[in-house]
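Presented below is the structure to which this report refers.
Which chain is which? They are A, B and C, in the order written, and residues in each are numbered from 1.
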Amino acid sequence: MLMARGVTIRFGGVVAVGGMDMDVHPGEIVGLIGPNGAGKTTFVNAISGTYVPNAGSIRWQDEDLVGRTPNRLARMGVGRTFQNVASLSDLTVLDIVKVGRSVRGAGGGLRDLFASGRRQDDELAQKYLEPLGLADHRNTPLQMLSYGHRKAVDIARALAGEPDLLLLDEPVAGVAPAEAFALAGFVKKIRDLMGCAVVMVEHKMDIVMCTCDRIVVMAGGVKIFDGSCAGAQSDPEVRRVYLGHA
Amino acid sequence: MLILICVAVATIVVLPALGRYGAYIVYAVTIAAIGALALNLLIGYCGQISFCHGALLGVGAYAAGNFGNAGQDMSISLLAAGVVTALVSVLVGLPALRLRGLYFAIATLAAQFILEFLFRLLEPLTHGVAGLMIKPAPFLGMDLSNDRGYAAISIVILVASLIGVSRLLRTDLGRRFILIRDSEMVARGMGVNVALTKLWAFAISGFLTGIAGGLLGFTTRIAAPEAFEIALSVDYVAMIIVGGLGSLPGALIGAGFVVLLPEAVQRFGESLGAATQTSAIREMVFGLLIIVFMIYEPRGLYALGGRLARRLRAPFRRAGAASQLAKSEGVN
Amino acid sequence: MFILQLIVAGLAVGSVYAIIALGIVLIYKCSGVVNFAQGGYAMLGAFFTYALTTAGLPSAAALVVSLLLMGVVGALTQTLILRPMLKAPVVAVMMATLGILIIFRAICLLIWGPDQIGFPKLFPDGSIEVGGIFMTYNYVAAFLLSAVLCGAFLAFYRYTPLGLMQRCTADNTRAALAVGIHVSNQVTIAWTASAMLAGLGGSLLASLNGLSLGLSNIGLVAFPVIVLGGMTSLPGAVVAGLILGVLQAVTDGLLTPAIERVLRDYTEIYSVGALQQVIPYALLVVVLLVRPQGIFGSKESERV
């Protein structure tokens, strides 16, 4: 399980995250929500090794995560997706998924040098692209896809690394509502399929409510609520932060 | 791939009929293509701009020369040159672990000058300013030390490298190269070990560069500092840009273009006399062409060729393309 | 005393490096383009000055006319070559400037030939002595001229409305556009100024060391200078130019003989050749690795 204690991240004088605690148990989907600027993405960046916290500890399966590089984390089973997905690559969807697959192992990355691996391609496509509705696009260059599809590719890429902990950074931000609910549905499917724990950063309440087992609410860089979806909706502090009245 | 091998075989078969000058042209272009391929792997696929390719070719030439002069077979010498150059290339690439883009390009500029300086300094290995004479060596026991032999060897090596690199690009490593070229930050975030991947790019590119440099050394029979100056590095960058960044045929086309163009101007100029004017005109044409390319087709001749081909075929395709478009829109 | 003599000579050459590097930094700040052709502009400027003086102009007038011509050349190259390349990748733009360099060299080769040319005397012969240090008028004049020009240029950049627009463009191109600055004209102005700076630097350098095509290599020496100075800092380029000039002079005068003595005692290597030409690059690598933002530069941060 993931255990974060007192995580603090400062940028110059600005405290983006100030003493954040959070636990994630195996196989659990946790929604991390909060208004803009609450420090959600920054906190996730600290877990995934993009930022090094100024204080606090983050432990994953009893190993310290602080200061590890993303590629080390990937090998320890921590994968993530990005809020803004890359659009410039002329790699195909399947290529991206293969890169995702390759980061979990420690190999030199030369395994396809002699074999053609068509059967493997089919397997990958079926396992990671099919559930996300990307099967038809496996040979499409990433830059030709719509934004929603690219976000789905990013999830497939992270999944291919077979993470035990998957961090989704606003997986549906900027995606059309219909697609958004479909994507959220996939998140559940993923968990059932692969048994990984999921932390989902999001500020669309409805999406979070229908997907997550538990909700953590952040505001101003600290945790203000941790509990069930129903609890979050009735919590006065959460209502104040979200709706602006006491 | 098959076409490539056929062309190579055909060229080797035709070689005896070409005469010495023809054979010279063939191996000059082929060796340049191997070097350009190596550089394209680094710049075009992995995004690491390098201006020290000339000096690295020099390292290959000196290394191969030393092994050859010590009595080794040419094949062994070339492989050894590849390994030595790969090591030097990794060394040159080390700053790339901290630097990016422009800053790294400037660091390679420094590497170019430092290597040039070392060529002059390390006399026991390089014979300083005078240059290292390289004795002909047998290739796999055969005596191929003539223009046609060299042409045949270079073609075989070029084909092997083309196949090797195109396979490499379809491995996880190759895909990581491209990802790093497109965005180092994204690659890092995805969990790619950027530093290690870059070093691999330098090593593989360096290996090929060393072989090309070794071939240069054996064919010219001398390795001297002034042959591997910054101008050579510029030539090679020009090759891959003129041919097409990040395209395998591009490296070949670019090499042909950059090697043959001065040759053609030279021929033309010789009929007029006056050596200085000729070389000035040659340089001017070269410079102008680089600029024209950069402005009008920065993606190179290969892309230009592709576009022309599409345009020529367009009248026949238009109906089909339209229905294709409609279909794909329907899906979305 | 000898070392002081070296330092003075180094400062004179370094001040010329400074004005040549200033031009590169100016263009880089303004348009993000690294001008590999700066040495070409320096060489062309020197050849212009040479041609004008041999045509009978007094040296001061020749220098001024050559500077004006260089300004025209700078503006022309920017408009004809760089302006159409706004959206091209970095490598392509670098290569285009290298293409400019190649063409300039070819033009000079065609007109003036490959040999070293005795550069006309811009300044009278003779030297002055200050506290036991001898300085030829040549060196004194080169130093003073570049110092005045550097100062004038920095003041222009800092205090005039046009300088303000330049800084605005350099700071944030889109914001500059938004407040109504004609950005591409600003870039043209930067190229014009840069070519003039280079032309003057080239003429001064030729008056110290003679004139040949090799002068264009000065543009490459300018890279260690701008990296040391921090790429985007104009005062940094000046200080770094001076540092490198002194370092080269000291290397040439003291370090090289000392190293060679040691090498001759212990190895078969007889000469280290032009060590002073490599020193800047060695320094460059060290600076890039230890402090990539240079002496005066500031670190850029990135966002995920």
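Odds and ends about this structure:
Heads up, the rule we're going with is that a residue touches a chain if its C-beta (ideal position, glycine included) is under 8 Å from a C-beta of that chain, and two chains touch if they have at least 3 such contacts.
Keep in mind the model is a prediction, meaning the values are calculated, not measured.
Between the interfaces A-B and B-C, more contacting C-beta pairs are found at B-C. Closest to the middle of the protein, by Cα centroid, lies chain B. Among the other chains, A has the CA centre that is most remote from the centre of subunit B.
Separating the centre of subunit A from that of subunit C, both taken as means of CA atoms, is a distance of 50 Å. Between the Cα centres of subunit A and subunit B there is a gap of 41 Å.
Averaging C-alpha coordinates per chain places the centre of subunit B 31 Å away from that of subunit C. Multi-chain contact residues of subunit C (touching two or more other chains) are listed as 304.
The set of subunit B residues that touch two or more partner chains comprises 189. Contact with two or more other chains is made by residues 50, 82 of subunit A. Per the touch definition, subunit C reaches subunit B in the complex via residues 34, 81, 84-85, 88-96, 98-103, 105-107, 109-110, 113-114, 220, 223-224, 227, 231, 268-270, 272-275, 277-278, 281-282, 284-285, 288-289, 292, 302, 304. The part of subunit A that touches subunit B in the complex is made up of residues 48, 50, 69-71, 73-75, 79-80, 82, 86, 88-91, 95-96, 98-104, 107-114, 136, 146, 157-158, 161.
Interface residues of subunit B facing subunit C in the complex, by the touch rule stated above, are 43, 49, 95, 98-99, 101-103, 105-107, 109-111, 113-114, 117, 120-124, 129, 185, 189, 230, 234, 237-238, 241, 245, 276-277, 279-284, 286-291, 294-295, 298. Against subunit A, the residues of subunit B that register as touching in their complex are 167-168, 170-173, 175-176, 178-179, 182-183, 186, 188-194, 197, 200, 331-332.
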